[in-house]
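Handing you this structure, nothing more for now.
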């Protein structure tokens, strides 16, 4: 499917310059785009790359307005514009509606006629699958799960019983929604399991990455609000609440009952203690451990800078002696003051 | 199913006060429990919350004995008591025994008559499934796996060939038991795979979280002793041994041949070097890297404290120069001693 | 299947000493090997263990040539030699070729006659499976995936559409290849998904661990070159390239568009920033965060040493005040210089 630039501008706005009637059918990086493709430059510093581009059209920031004679669309946010154009040119293929004969759908499950249930998927008793939702091959949907419209579950996703998902939710392969939280009481050295009777409740427009795990609540629910985006291999413990439109990069862990605000951005491999609150709009750097509540927006970091190993060894030895170093400094200050006093 | 408080006390002990004949059918947090529900307070500091509670009954610590006129059970460990009551009120639903027609069970596998094999599960040649065990949808049980009684495998679990699991083992979705350890020999820059001929052997009453991976041993077995509780997304490498009743939080990694003691508690995202030994009863903090054996109980930590990013930048620069800072302190001490000597 | 030592030496070289015609059918650790088994010692310091060994034969380094009268093979790299012998004695069992009746293979997929498709596997339209490749139970192979010869996919693996894999690739259970990269543009606080139109391209002889996730490229491909070995629970983000014969331990994360060189060795739980380049032959320590490009080989580290918790508390307080400590040292130096000047 190809679109003219004027069709694109009609949909998404922007200023169209030097249109030559070209139609574009795909997106590509500036350096590799061909005459049927549209490329973008998000920042002024990359404008130097466009001179040699073979792209049929460009999406440029205002500073780049006159950097090229190529047919181009000028917009204040080229990256966002590109996202929209790419979605237009790369619509998610929709499998035909219907239940594959190799799927297993419980007689008391409710599947919209326009939904697709792929081979090997297993849909439990009382589950409901909304309009146009696609359940990929070998997914397991537990009893009484409620799934909204236009959801997309890729292959091998698991949702435990009674979880509730909104519309337009995307779950990637290996994701597990609603597994038991890690709730244990200790009885003279032996662990006694605490039933996890809450659910996972996921809002509209949430995306969950591959092998990300979201545990069900112990008593209350674990809640992922609308528009949250979770990358791969993230752990969300029981009773966590993640505020709307927060994005979290891969390998991050959020411990039980933590509340993360709205519009937060959390870097990869961050760890967040349980029972704390993160304010709206907080940014947390990669590899950062957050041990207490953050009450105001800002960026928070705790990563140790890396060094060449020999240098690291020399420095690391002192890390275990910082308190002694600090005492030596204090002692020096005292001795100097004494010397100075004697003058 | 509802129980009177006297029935509960008969089962689990504790002192029953102001019983009014109420029956309870569920558990809930203090602030949200209704007249049919029982709530608990684990610590004295939360007793202030019970004044406005609508709970039908309470589980309280001895200090809370007289904090309420509500029907209540007083016990020295309210959290444990609550665990038992919740298990009583929330029994795990048991699917009907039998092999679903959409399961694939090898003719030479042995499945107890009281076991349940869900749709899409695949049971390999020579595998044996014990009494009342439940194999969830789309699980894969390899050849010659031996699974005890009353086990519960949620959907999409994988167990590789020849692994051995005890009774009452719970495996959450996405867990992988018995994958090959990361054993490689280097041949002039190319890696040669070392066959992993050991197994994974899991004791009774072990629980394994979602997407947790436990590799089979290289020559000997990887061993998870009885009562161990593993959270989600944990990596257990080949030939590791985890001692009985140890609990490990999510995102932790344990490298090859490490031996973890009994009754340890390991925080999230901890990393444990290979070929070391951790004594019984050790506690390891979240995000802590353990690089050598720990021979005595205690709590061990290595997490860098987080700061606001600008402050972190100012401090982090010095981390790479600690050795120089230490030398400067030494130098100062020498110079001061000299000055002092001159007095 | 048992082999004589002379057959083994004929295949793999090495010096055979004191052969008594023994045949060996398995490998085992020195301390537990029996008369039908062969054991190895990789380093001189372990030679003391062989005195009491019941092993039928030994693989020894040159220093151990005369440490035993047991039938033995002397070689410069016993660990590599052992890998080869173990592979000979433990050939991967090959299931019979053919498509299991409980598999679902699309009519427009192409499966080699010698390939094996296990029960519950789902092969999408246009996919091709090479000669002697084994697709484990409940795997999901997306549309137009191309898989080479002699590949081995264990149960519950997922490959998204259009990904390309070479020959002799091993994928462990729970691995996800080709999930969408974490590409998002922000539109006034809401995230807009950027279609991920690249693929994952995996070379020959690659092994991917359990629950490891490799995202497809945003525009270009994510590339894993030949001979790369990835352990469990690793995250490889979109547009990453990992150079040939690099080995990466578990729980590591590599952010988008990072380029890792050839023959690198990366420890567990390392994190690598996006858009940086790691030179060939680099080694990165466990738990190390790499925040900028590494242009030359060497070992790089950033892990904080652990301490007993009380000691850690005392030292950690100073970590947040390093900049102040450094200023106090500078101040002391000034004051001392002044005092010295006054002499």
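A, B and C label the chains in the order they appear, each numbered from 1.
Throughout what follows, contacts are C-beta pairs under 8 Å (C-beta built on N, C-alpha and C of every residue); 3 or more make two chains touch, one makes a residue touch a chain.
Keep in mind that this is a model prediction, so the values were computed, not measured.
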Touch graph of the chains shown: is it line, ring, star, complete or other? complete
Count the residue numbers both subunit A and subunit B use at their shared interface, divide by all numbers used there, and answer same if that is over half, different if under half. different
If you average the CA atoms of subunit A and of subunit B, how far apart do the two points sit, in angstrom? 25
Of all residues in subunit B, the ones touching two or more other chains: 102, 120, 138, 156, 174, 211, 233, 251, 269, 303-305, 307, 317, 319, 321, 325, 329, 332, 336, 339
Going by the contact rule at the top, pick out the subunit A residues touching subunit C in the complex. 26-29, 32, 77, 79-80, 82-84, 86-87, 90, 92, 100, 102, 118-120, 136-138, 154-156, 170, 172-174, 205, 207, 209-211, 227, 229, 231-233, 245, 247, 249-251, 263, 268-269, 286-287, 303-309, 312-313, 316, 319-323, 325-326, 329, 332-333, 336, 339-340, 343
Enumerate the contact residues on subunit C facing subunit A in the complex. 102, 104, 120, 122, 138, 140, 142, 156, 158, 160, 174, 176, 179-180, 182-187, 189-195, 197, 211, 213, 215, 219-220, 233, 235, 237, 251, 253, 255, 269, 271, 273, 285, 288-291, 298-305, 307, 311, 314-315, 317-319, 321, 325, 328-329, 332, 335-336, 339, 342
